[in-house]
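Paired with chain B in one complex and with chain C in the other, chain A is shared by the two complexes that follow.
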Partner chain A sequence: MIKFKAHKKLSSSTGPSQLDVAFELEQGKLLTIYGSSGAGKTTILRIIAGLTRAESGYVEANNEAWFNSAKNINLPAAKRSVGLVFQDFALFPNLTIRENLEFALQKGDDKKLLDELLELMELQQLQHMKPGILSGGQKQRVALARAIVRKPAILLLDEPLSALDDAMRYKLQDMIIKVHRNYKLTTILVSHHLPEIYRLSDEVICLEKGLIQKQGKPSVVFTEQKISGKFKVTGEIIEIIPADIVFIVSVLCANEIIKVVATASEVKELRTGQKVMVASKAFNPVIIKLGDS
Partner chain B sequence: MNTIPGKIFHIITEDNISLVKVKAGDIIFTSIVLDTPGTSPYLSNGNSVSVNFKETEVIIAKTWPLEISVQNRVQCVIKNITHGKILCQVDLVAGEFNIQSVITNNACQQLNLNAGDKVVALIKTNEVSLSYND
Partner chain C sequence: MIDWQPLLLTLKLSLITTAVLFFIAVPFAYWLAYSRFKIKAIFEAVVSLPLVLPPSVLGFYLLLAFSPANAFGKFLDHYFNVRLVFTFPGLVVASVLYSLPFMVHPIKSGLKNLSPSLKEAAYTLGKSRFTTLTRILLPNIRPALLTGIVLSFAHTIGEFGVVLMIGGNIPAETRVASLAIYDEVQAMNYHVANMYSLILFTFSFIILLAVYLFNHHFSKADPLQ
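And then the complex of A and B:
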């Protein structure tokens, strides 16, 4: 469990404001902080990592106090079990991929995880190369592996994928999901990208001028429009194929694939990988008995 | 999906079902929903909602159908028809609103539909859903 509460003056291009945020995050969950620039998203990550000090509040990770203004506790950044990934990869150019990961380890740390991560992130073939020749997506995989190699109590991702193209972004999202589940990480992500937030997050905080405006599951926070239909499922588009003058959109909902007919103008706003809600009225579906019950 | 903004002006509720009438310009839409004003505060006279129905659920008639159970009848003019091999999309204009209908080419030919024709768009009450903003 992560417990966070902070009060701090913010200064941004839109003028000064106050960060006043409190939240708790259960172990193993992924929380996304969403909001316009200057809202205080990165400041929250920096306070957790110990790179910025809040005027008041506390940061607690798994019952360990990292910061507590009332008790005058302020653990230095190096003593906080945090993995950090930023948009720029910040790899050591003169070290190989493997050495970059080894550098993050401390004496006595288990190297088993390092090999496991190289495999999981599909970096084995590249491990003896230097970062200079890698693509953006590959570099970000190295940065992610490096952030996880010490099994941090919190993984902090600050717009890690925003410099990547869509295909690479999608692949890296898969990797984040994989490592997040495999290593039961507790992760806080800063992202602007709605499909990404839907795919990755258990919970979202919408931050505006330092204050939480909305908090909850992405499907609740971002579904402004309510529809009266009682037959509603959410899922991810896995395929859009033309059929005469209309299109057939296949949506994966839980383990079932649902097919929905959509017009050309509707399909313009849809793409594979997107999270969608499929709605119909309670009057349309038919019920068919299964087996002999 | 066809989406037409309007205002609720009449609600009848029985058990968990409500029959809701919505006025959009000069057009009156009727929708049946499994919500009640008690459980769903959006169901209130004067509230802005959108009336939604799928293109494939819009029936087209050439003459005003006098004896038919379909409650939503909208007088339209055909603006354009796009033909596929099996289906066609009929773009309709009803006052200030656009409505699309997807029907079979066979149906389109049988009715001899052409741009400029005056037609009636028919939508069953239980095909119309309502959406609203918080």
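And then the complex of A and C:
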């Protein structure tokens, strides 16, 4: 069980705001923190890891206090059982892939785990190379493997897949699910990619300007209750064009652009860049297999 | 035939100074690079002073400080039986101070240019500050370390004002090559002066060339640097 409560001043490009967040996370669950940049998502991870200090609040993992402003407890980062995957991967350029993982071993740890992780992440071929020459997806796998070597009480993933193309993203989502289950990890993921959040998370927190706006299962948080559509996808508006008396709204869902007709009053609430759901009630969608996938 | 003594003395002084400086400069540069203390600026200014002060100014004040007639020199003399004026250990202390910016600045900027997430990643993997420094930070600023070592070494070879003030040009004790050249010129022995100068010139050029070649090769070999 992870218990978190923090208060801290945030200063971002959109101006100063206050982070004021509290949540609890059960053992073995995957929580996603979703929100625009500057909302305080990374700050939450950094407070848990002990890299940033909150002005007040507490961080508790499996009944062990890591931070408690009232009791003046603040364990240094090295004493907290966390695995953090950084946005820029933070692989050590002077060490090979295997040495990067080895560095994370504590005294007395079994080295067998290294081989197991290298195999699980499909990194055996690369293990004696330096990180500099790896692709983004490969670096990501190394960073993930390295974060798990310590078998942390919490795995923290800071937008781990944002720099990857869709095929690689999908593969890495599989790997995150695999390690999360294999090692019975409690995981917190920062992401703003809706399909990813749906696929990976048990629970999601929507963060805006340092405050929790919504919290719950992804299917509940991201969809309005009033629609009971048979066919639903989420996406982002990329274009709104007037056509005669109606508007054509183009929505990017994963790789596909869906064009939807909307009336002038409906368009009033929409703008490009907004996250929306496209639902259809009148038709029965048909599933057709594509190639050998 | 020239007297090799001053050249050997210069070499010895430079090697010792560089070694001492390295172990002082690494923790100091680490502190300057990462500390959030406001008074840090004072230390940064002090470290950089030898860059702008005439060496004779530094030498003059060190001479006063080390003199057994004054408080600090008397203290050293009385309690440790150490005399730094006109002795080789005195030359080392003066050279360390004089070459401090040449070692501290490259290491400090090397550390500052590293992504902070490298340090943080090592902490989250359960490593102490010391392990992080020796296993992650220092190996990843090798070019900066090499630059610091070589610049300090070369700079100590080229010292004149400070060693003259504090060392006093005593043969086999404090007469380094740069002083020997001056002496030979004074004595109109242009040939010997030329020999010393040529050796220093060639030696300095070769070390600098080696550093630039190495750093060039290093930055090519490792795209992250």
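In the analysis below, the second predicted complex is superposed on the first by the 226 of 293 C-alpha atoms of A that agree within 3 Å, B and C clash if a C-alpha of one lies under 4 Å from a C-alpha of the other, contacts with A are read in each partner's own complex, and residues count from 1 in each chain.
The rule we apply is simple: a contact is a pair of C-beta atoms (placed from the backbone, for glycine too) under 8 Å apart; a residue touches a chain by one contact, two chains touch by 3 or more.
Just so it is clear, the model here is predicted, and its values are computed rather than measured.
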{"item": "Contacts of A:E266 with chain B and chain C, given as first, second, both or neither", "value": "first"}
{"item": "First, second, both or neither for A:N94, with chain B first and chain C second", "value": "second"}
{"item": "Chain B versus chain C as contact partner of A:F86, first or second or both or neither", "value": "second"}
{"item": "Partner, of chain C and chain B, that touches more residues belonging to chain A", "value": "C"}
{"item": "Contacts of A:E239 with chain B and chain C, given as first, second, both or neither", "value": "neither"}
{"item": "First, second, both or neither for A:A279, with chain B first and chain C second", "value": "first"}
{"item": "First (chain B), second (chain C), both or neither touched by A:E24", "value": "neither"}
{"item": "Touching both chain C and chain B, counted on chain A across the two superposed complexes", "value": "none"}
{"item": "Residues of chain B defined as touching chain A within the complex", "value": "1, 31-35, 40, 42, 52, 55-56, 82-89, 100, 102, 126-127, 129-134"}
{"item": "Complex contact set, residues of chain A against chain B", "value": "224-230, 244-246, 261, 263-264, 266, 279, 281-284"}
{"item": "Complex contact set, residues of chain C against chain A", "value": "115, 117-118, 120-128, 135-136, 139-140, 222-225"}
{"item": "Interfacial residue positions of chain A with respect to chain C in the complex", "value": "49-51, 76-80, 82-84, 86-88, 90, 92-94, 103-104, 106, 130-133, 146-147, 149-150"}
